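Look for chain A in each of the two complexes below; its partner is chain B in the first and chain C in the second.
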Partner chain A sequence: MLDDIFFVGLLASTFRFATPIMFAALGEAVSQRAGVLNVGLEGIMLVGAFLAALGAWWTGTPWGGLVLAVAGGAAMGALHAFISITLRADQIISGIALIVLGLGISGYGYRMTLGGMSPPPSIPSFSPMEFWGLSDLPFVGPIFFGQHILVYMALAGAVLLHFFLYRSRWGLDVRAIGQSPVAADAVGIRVQGTRYATVIFGGAMAAMGGAYLSTAQLSGFVENMVSGRGFIAIACVVFGRWSPLGAMAAALFFGMADAAQIRLQSLNPDIPFQFFVMFPYVLAVVALVFMAKSSRMPAALGVPFQPPR
Partner chain B sequence: MRSIQFIANLPAPWRVAAIAFAGALLISALLLAAGFSPLQALFVLIEQSLGNGNGLSEVVVRSVPLTLAGLGIAVAFRARVFNVGADGQIIFGAIGFVGFSLALPGLSGWVLLPLSMVAAIVGGGLWGGIAGVLRARYNANEIIVTIMLTYVAFQALGWAIRGPLQESAQIFPRSDAVPDGVLLGTMIEGTRLHWGLAIALLAVAATYVALRYTSFGFRLDAVGENPLAARFSGIRDRTMIALSLTISGGLAGLAGAVEIAGVHGRLQDAFAEGTGITAIAVALLARLNPLFIPLTALMFAVLSVGASGLQRQLGIPFPLVHIVEAIVILAFVIAGALQNADRGVRDA
Partner chain C sequence: MSRILTLATALLMGLMLAAGASAKTLKVALVLPGPITDGTFNSAAHKGIKAAEKKYDIKVSIRENTKFAEIESVMRNYAKDGYDVIIGHGFQFGEPAKKLHKQFPKTWFVVNTSFVAAAPNLASFDNRWGDAGYVAGAVAALVSKKGIIGHIGGIPVPVIKAYNEGFKRGAQRMKPGIKVLSAYVGSFSDVAKAKEITRSMIERGADVVTATGNESVLGTLQAAKEAKVMAIGTAFDSAAFAPDTIVTTALVKMDVNIDMAIGLIVKGKLKPKNYVLGFNENGLGLAPFRKFESKLSAADKAKIRQLIADIKAGKIKDLP
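Let's look at the complex of A and B:
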């Protein structure tokens, strides 16, 4: 009986822990498919988490927070797009700047607003779904019907993006641009505009992942609360071989690692807990080693495009 | 677009000034939005860091680990290997230093100090080297790996000071004090300015010579410019990539040791928090030139010490520092792109 409860809990929290990573990884998969690398997801997620908490407090609903977070993430995506697409500057260093910028904006903004209030404000957050009582079903209830709405949005997003990339005209354009912007341009595809759209979309998605952390997983912002998930999301794009469903699967894998880590921690009080906390990070490194070599990377990833005049 | 064209048309020094001015406007806007006076903030920042002897010595003390870690970042970035995990390497350097010096307390300081410093370089070098080898052999992205290893290092530090390295009294999460013989004494009586400054400046000279006057430096730059071309001209590009991260980590490890030996005297939580991130801005602003790194490290040390003062005196949150760092990195990347446009560099 205990085993059942254990596994139901493990699987239910697998989805919970996977969702923030999944949002960010899906957006990054699309923008990398178009050839733009954004290593600054961590910073965007931090800003998303902060803005979501701020917006939720301000408007009184977590949806208000989500809107604000998406706007902030899109703005950071636009900044990265401007630097890497229009200025054709170094995408990696621009991404590093976004990491540091996100650290600063979220920390400064938080302490100037919510963090400085006393008593600490209560942040409205998403409540788990019930689906007319289906969530009370044994086993499947908590796993499939008792999650936050953002969990379903992330999963649906993975499926939709998969159709978008592989079954739509726009998706074909995106993939063509990522393989050869010159050839794509020659057949009349708008390279720069499409790239802008994917990078801004990637920023918005990363911010939604951050919003999940502060308005679903927790109710409130904590400085540095993203703690590496932005980088794990980039790793998920590699493991998922630049496909949305692959990125989703990779995110679920890391979600499960995190869920297992926390459970094993409480079952083994003799082993120092730090070793369990390390586990997902070590796993990311190991997985990168095994997956990175088999390269399906978009051919023009990180390569700027100079439109002919 | 027109405004960017306008900046691009300016002569280079004016261009930097224009970007700096835009950055200053942005920071001022952030301060105004939060109800602070930018001029007063600037005044307090300068007064707290440069306006008195104590502040000045703190600035130099702060610049020491930034210089060492910044040198490490520069070595890796020159090979276009992006070490963003110096914080983890600093931790392992410090663990190596403290672990070694506590294990052999009987030795005289003259022997123990250099050996412990070597242990720190090995500790940091190992932590960077892992990422280097994984990048070179398996093409594992070093940005992700160095960050992941930094999170592992945070946990390792947390465990070490509550487990094997915890103080004998077993009260606080910190190590015993290191033997007196390995402490770096103060250079100027009555300040906290320690001999780590001399170590940092020696490292600057050594790195400069290695990068500027040896074939190692040439090969490093060749790999950074174009790894394939370097390989075809007989340079072992993968070895250079692994080596650059190992050396980078070793320098960061030395920064960790100097911070322990010069400032804290023992291992404790968050003893050099954020140094590795600031060091990226330090190295980029110095345009990856070792000779400029102590100067840019001093600038960021002024910012950091001044911002602590701002927080104390005016209640302006410290993370503002990171916003400034990000603006500096962005300015660097934008200036670099405009320069390429000048030279008529065309890509794909």
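Let's look at the complex of A and C:
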């Protein structure tokens, strides 16, 4: 049974599973590098998914949905930034509030708009890419050339962010703030402003992950559709040791584990399904055991900064 | 003067008491595991409670998206607020209801899709999901051209397992040797994962799929719609969502359960027992074929009608 159909399907599916998590994890990696933890990704992704569907329906193109989703995600990021940076409240509490807020806004908004329509409106969504026919190539075609454009944007984003964090002046500032905001402030880096920017960026990225779910992987919003991917994204940041390429690899790893388990499940009906469903999480725990020692958590993660004035 | 006042007060109080006794509006709480927009399990319950609201003198409160861990406290709060009826919609409400019902003897606890009835005030309603699956499997086998069909379940709670088993057996009855794939999402709400599972089955050659769960069912329908394969709906008739994809729906009439429960309570006739509803009790049904009416042969339609008649008559021996 482990034939070509299995492996092509598995690898193509890996990217689809990984992409929403990857977007959220990349944004979170940057904001955690600056010292701000946002556990509310789940709520932001939900709002992103809803706004993407709404915007796509409204403007008639999924790109319109993406713009609206990014704006909404940035707004939720700004709210988290205001509470945790300006008001210096507990970041975890603020993040949990975002989860509940996101669930409420997306569910209520959906029913006020798209959900109340009969028959259900059709949502314009991204079509898979074709790359001038390359997607028809045997084996590699569907895997590397037949994905939605957002998949390539996420992968390119990982590379660009890696370059930004480790090779640019701004990246150095971000990393310095996450290690020691006091020292960064002393050398003249704008701690609060930079933190604001990274948290807003993180919100926008999480919303893009949500947009992938509602306008690419599926077409249309469904309540609760994020289903825990926001939490997996936070785990990916840790496994990826707070680096964008690491977060990307972790997201692909989770994606592959899920793509494998759903396939193995229907091929092995005699093995209890729980074994397969827990498979990605068991791998996560094992990976954490081996990587815990070399953890590179930003020293000032979760600690609000009080400018010495 | 004071005597008149006393008399008036006494009269007024008497009137109020009389009014209270004659027309007591029942307070009914419906606690759902998912959103009312899922197009299947929760939509069916929502349809039922809305119909009951019109029919009976009741005041309804609906609590959606109730997570496993919240169930007990949500039900307890409704009971404390003096609700007369609390309906838990789903197998997972059974254990919390069992724990709570004796503490609130004035409240009726009703749990759908479970078997937990207990004196004096806990009743449960179950539909024969296995029979629904059996009929769905039979229809799927008859319309499949490639001889491969699949079921995508949310979480294997007893009713979903029964549906799964029925789906396999019903398909085998119509076409012995047909290949039936089956997998579970591990969540009632993960619509994207349900879609991926469905895609993987379609890659394997399945040309008819069916799904049980909450929002997850929408993922299967969407995958089927995109790949232009057929689907059999479950529980709630959502053919409008994909009219060229959904052959028919194996209806599980939650609205009948809810109407029956509330109707019996209003009459004071509900018993703390397990009510089981099948085709004979109007708890199950098969939606019209609509666009597929012309695509099914008369012989196949006759086979399906005969199968349902046989189930009603108790002639089918391998129902789960």
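Basically, the second predicted complex is superposed on the first by the 281 of 309 C-alpha atoms of A that agree within 3 Å, B and C clash if a C-alpha of one lies under 4 Å from a C-alpha of the other, contacts with A are read in each partner's own complex, and residues count from 1 in each chain.
To be clear about the criterion, contacts are C-beta pairs under 8 Å (C-beta built on N, C-alpha and C of every residue); 3 or more make two chains touch, one makes a residue touch a chain.
What you see is a predicted model, and the numbers here were worked out from it, not measured in a lab.
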**Prompt:** When the two structures are overlaid on chain A, which partner does A:Leu288 contact: first (chain B), second (chain C), both, or neither?
**Reply:** first
**Prompt:** After superposition on the shared chain, which partner residues are touched by A:Val140: those of chain B (first), chain C (second), both, or neither?
**Reply:** neither
**Message:** Once chain A of both complexes is superposed, is A:Ile234 in touch with chain B (first), chain C (second), both, or neither?
**Reply:** first
**Prompt:** With the two structures laid over each other on chain A, which partner does A:Val277 touch: chain B (first), chain C (second), both, or neither?
**Reply:** both
**Request:** Give one of first, second, both or neither to describe whether A:Ser219 is in contact with chain B, with chain C, with both, or with none.
**Result:** second
**Request:** Considering only touches as defined above, state whether A:Met129 meets chain B (first), chain C (second), both or neither.
**Result:** neither
**Asked** After lining up the shared chain so the two structures overlap, which partner does A:Val100 touch, if you call chain B first and chain C second: first, second, both or neither?
**Response** first
**Complete:** Chosen between chain B and chain C, the partner touching more chain A residues is B
**Request:** Quick one: classify A:Ala260 as touching chain B (first), chain C (second), both or neither.
**Result:** neither
**Prompt:** What is the contact status of A:Ile5 with respect to chain B (first) and chain C (second): first, second, both, or neither?
**Reply:** second
**Prompt:** For chain A, which residues belong to both interfaces, chain B and chain C?
**Reply:** 103, 107, 111, 223, 227-228, 274, 277
**Request:** Could you please specify the touching residues of chain B with respect to chain A in the complex?
**Result:** 1, 4, 30, 34, 82, 84, 134, 138-141, 143-145, 147-149, 151-152, 155-156, 158-159, 162-163, 277, 280-281, 284, 317-327, 329-330, 332-334, 336-338, 340-341, 346-348
**Request:** Note which residues of chain A are touching chain B in the complex, please.
**Result:** 39, 42, 83, 86-90, 92-94, 96-101, 103-108, 111-112, 181-182, 223, 227-228, 231-232, 234-235, 238, 272, 274-275, 277-278, 281-282, 284-285, 288-290, 292-293, 295, 300, 303-306
**Prompt:** If you look only at chain C, which of its residues touch chain A in the complex?
**Reply:** 34-35, 37-38, 65, 150, 156, 181-184, 186-187, 189-193, 195-197, 199-201, 203-204, 215, 218-219, 222, 240-241
**Prompt:** Considering the complex alone, what residue numbers of chain A touch chain C?
**Reply:** 5, 9, 13, 16-17, 20, 103, 107, 110-111, 115, 118-120, 213, 217-220, 222-225, 227-228, 258-259, 262-263, 265-266, 269, 273-274, 277
